[in-house]
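Letters A, B, C and D mark the chains in the order given here, with residues in each chain numbered from 1 onward.
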């Protein structure tokens, strides 16, 4: 057919696609290795997963300065992609390290666990790298399906199964909205490619076109669900609480970052000139998200659940950055997400160490006196809490400073005030953890800490990064700013 | 000119923290003590060296900025980790490291038997680091890092003996109240940054007069917010209630954090930002009024307290009020002067009180003390010095600084505030001598088992007391107005705290006749003496002694009865009403209103939290319903828009 | 030629029926079926626009959606079957250990 | 003619969709869903999307719905009992919320709107719908097509993990509280 494009296979830059390829290969390798059944406490799968993530990260890092559009612009390799790919690979690697011993204790040490973790990572990367709504949708579904299963991985566990059910039903529900939004956007612009969409909008402005507005709105709702923005957040606490802790750590970081990556790319690439329409909506969501997240977290007794609400609140702060827009707004969102990833993985990481075989000790009261019995663990958890609360000199403080200053430069004074107020309230529940660690006596049997080298390595990495970015954040900041250049 | 190596001053204590963390368990108690004290001692020497370097510079150039590195750069906005050495920060650094070093040494003896010895010095050194960052910072953001840091350490140290529920509770309260204040600081900083364009002191102060209209709403709002932060940190009305409770912490902590250094951070902040405050006369007026009100108010409450440390805590609140009063009337130099002398004598009072408590096996109730003067001679002598100093008796340090403040208030035309300050001074003398008399004079009311263990403290505790006592005597002499060329301390500070308006006020002050100044001085000494006399009368010749004397010498000395009758009148007319007012204020206002409000805020949030949790039913249908309602609301927004 | 607005209205109605189904039903399988209705409503929009815009991309999208839907159904039904094994129920309001 | 057929299919679609969510018996719901999918397939045909229409019947109404029916039968689900004020209230709220969203959407679309510009490349008359789709899938949409393979792989792994019968590795020890196996 003369009108059809010629095959483009040869033009593919394999390096640029390296991360996805490496992850796919890793998934297949993991499954194939199952032909030789492993011991219950085998490290094989974890090692393979770790190597795969390292290979994926390395392959992207190898060509970090290159800029490619492959598959007719469906998959973009630019600074933004590189930043998020490295973020997801790092988060995945930390999650593997945290899972290492945890999955053995909870009896879910299976190759499938790691295969799904790698699939979710691949989905996230595709979401961040896509320049087309179709691939964004597919990446999102790839990630979500893997996460649904991972959340319910402890299938004999009532909570785990319940969490998976809720996450799945609501996730599919939200996918429906997202899909409908994409359909309307396709109708309004005649394309699903973000670049083409932007080009179409230059010719025929979409201001006031209800198809476009409705489509964009539903798209925001769909991504809002993934980043758990209020009022689309209701699944978050239940899913986070029921999921295996290592998975909670991973999804609270990865899925959120992926949702924001897609949201940022869509808003900035395709909807740049109608951004004024979204500002009131995104501002409202940001305010609600921060406030509801923080206030509901105040009364939680389960640390996992409290951190779930905290992660909702953090999505609100990132939304402020998204509203601020522009180079600084987008860069501060990236900056925040990277720092959030480290500190949140660290906080959940501490939880993965608690408890004996098949025992889950995640109540705040379980932490009582832990700070004295295990000073290093206590200090680490305190550091993460302080950082999540945004107290200097930790990375969390720098993240908030940058987001708020970007928002101020964009003239969003009320939003910043509410953000500051929220971070003041938030300190209370973060400090409750510290109080439990150092100022309470354990009731009943004190919690047992299952030390495991991989988990400790992950924690040390998180601690170092949380401190380092709090003291010297320029490197990360410059990287974030470079990464968003392609979006503008 | 980057000779002074400023970063080394905060770096020393944090290095000690790191070492303590890493190898503390192998050092042993002596090693830990040497490490902690050594670091702070060296920091003091570094501060002295920096001060000498600065003093060697010509007067106009006494401002050295040393950039350690760039913390964060966002476009044209960058945050430097930079330290500023100017007369003001020099004074603060010297006070913090000097008094801090003495208190560290004291703690070696005081905490000798505590099982958490290492943890204590860890926190204490961490505090020193944060406090030095606060005072040496070159920009508001780095200052805020220190600000949060000292708050955190204060919280940790108040709750140091976390086994006591009251300690944990007090820590929590301090934290809540300080968060309210911090909120003000953050918002104030944001406003200054948004409109002033920088958080770096020099640039901000240079920009401010051009971007902010004098007395404009913007700058007034920003400065009131900053002052809100100061009231939280420095325990001023209405955010002061955490400080008396903070006495749950170990006594050296009370001396270091809750008397000498951290609580003065608010005063430092106001003095540091005096250029901005002068652009907002309303805010400055508020500072003066709040300061004066707190000075009087806390003094009245101090009268009724029986816990030795709580008396001192209210006294601290009151003295901090004086410092704010001074700031508010534009006498920033006097405020910093009082800050310094107060650091000496209040640290001494706390350490002395600690020595008493230590000697009496952890007895803190004044009603079970008395007659300790002969048993604890060193403690007694130093405490008396400090008490005289705080009461404002010449030639002790407190006299000069307090007189300076009152003089400033009167000279700048704030006569009501001056009067309030004067009354406060009388009350201060009264309750401080009440404390002194109840503790050291009169008959012993010490419980037998405490009396059994009664001993003077070890030298590591006594030496700091003596040094501080010496400072409480001579510390004020740097502010002798009679020296040639005028007030050396204020001349030293002038480049930091003086401005157009300040110079104007100064001129007005000098315009006042020398005779008037002498009269004011005499007046303040007179009220102090009156307060002392009243206290000695009401508490030394107290009903019990009088009663016993009356029993024994009923026939012979009818005069005693007569005297007793006079005391009754005193009691009925003067002491008792004040006492009752004091108790009422403490019970109703302090406990009910202020604490109630703090708790109320907490309850409100918790209530909202509980309501929000109700929506989290666990039922997917509800979740989807809320999702859909969200969709409907967002759609409605577009329909309208 | 069918007017585009007809198809849009029809898809909107079907979509909302799906939404209502999710809201009012307690049976997880029926909720899931309602979600399928929503996805199909979106597919209808794609096909209608594909025809109207004379671009076949919309149909490609429908193809992908179907693939994803099939995968989703497999996973979802597995979760529901597992739920039934554990608790002998598929009523979502009887599944609320996690709340608050 | 097409308009009339469209209206017919549309009515059937709406009616069967309503019955899906209203019928108390899950089996009946599933069967009505099959009917809804078939009417949708009819509409697709009217829009000249022959391939999609066929796939809709074969894959959706055929394979997917069989899976639904199989599970319903396997679990032996009976009619849902929907009684009680609580549930009635929830139903009411659901209807209200849904109707409001629909009304808002319709109001919104009642405004002046325009679909996007026509695609410049007119579909070749000679090529059939299926052939065009195939060409597109393996050229422009190659990448998403490959991604779907990953999606399906994940689904397979997921189903195996969650629904497989054998107990988890090393579950010899006593179950922890809350784990009733």
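Here, a contact is a pair of C-beta atoms (placed from the backbone, for glycine too) under 8 Å apart; a residue touches a chain by one contact, two chains touch by 3 or more.
Just so it is clear, the structure is predicted and the values come from calculations on it, not from any experiment.
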{"item": "Pair sharing more residue contacts (C-beta pairs) when B-D is set against C-D", "value": "C-D"}
{"item": "Nearest-to-centre chain - CA centroid comparison", "value": "A"}
{"item": "Where chain B and chain D are represented by their mean Cα positions, the distance between them in whole Å", "value": "68"}
{"item": "Chain C-chain D separation of Cα centroids, rounded to whole Å", "value": "4"}
{"item": "Interchain centroid distance [CA atoms averaged], chain A/chain D, Å", "value": "28"}
{"item": "Chain centre separation in whole Å, for chain C relative to chain B (CA means)", "value": "64"}
{"item": "Where chain B touches two or more other chains at once, by residue number", "value": "613, 616, 618, 620-622, 624-625, 628-629, 631, 635, 638"}
{"item": "Multi-partner residues of chain D (at least 2 other chains)", "value": "90, 93-94, 97-98, 101, 105, 108-109, 115-119, 121-122, 132, 136, 141, 144, 148, 151, 154-155, 158, 162, 180"}
{"item": "Junction residues of chain C, two or more chains touched", "value": "18-19, 22-26, 28, 31-32, 43, 48-49, 52-53, 55, 57, 60, 64, 68, 71-72, 75, 79-80, 82, 86, 92, 95-100"}
{"item": "Arrangement of touching chains [line / ring / star / complete / other]", "value": "complete"}
{"item": "Interface residues, chain A side, partner chain B - complex", "value": "165-166, 169-170, 173-174, 177, 210, 213-214, 217-218, 221, 225, 230-232, 234-235, 237-238, 277, 280-281, 284, 292, 295-299, 328, 379, 386, 391-393, 397-398, 401-402, 404-406, 408, 413, 416-417, 420-421, 424-425, 427-428, 431, 435, 438-441, 471-474, 477"}
{"item": "Contacting residues of chain C [partner chain A, same complex]", "value": "15, 18-19, 22, 28, 31-32, 35, 38-39, 41-43, 45-46, 48-49, 52-53, 55, 57-58, 60-61, 64-65, 68, 71-72, 75-76, 79-80, 82-83, 86-87, 92, 95-100"}
{"item": "Contact footprint of chain B on chain C as seen in their complex", "value": "19, 22-26, 28, 31, 92-93, 95-100"}
{"item": "Chain C partner contacts - residues on chain D that touch it in the complex", "value": "2-3, 6, 10, 13-14, 17-18, 20-21, 26, 29-30, 33, 36-37, 40, 43-44, 46-49, 51-52, 55-56, 59-60, 63-64, 67-68, 71-72, 74-75, 77, 80, 82, 87, 90-91, 93-95, 97-99, 101-102, 105-106, 109, 115-119, 121-123, 129, 132-133, 136-137, 141, 144-145, 148, 151-152, 154-156, 158-159, 162-163, 180"}
{"item": "Partner chain D, residues of chain A touching it in the complex", "value": "1, 3-9, 24, 27, 31, 40-41, 70-72, 74-75, 107-110, 112-113, 115-116, 119, 122-123, 126, 132, 134-135, 138-139, 141-142, 145-146, 148-149, 152-159, 164, 186-191, 200, 203-204, 208-211, 213-214, 357-360"}
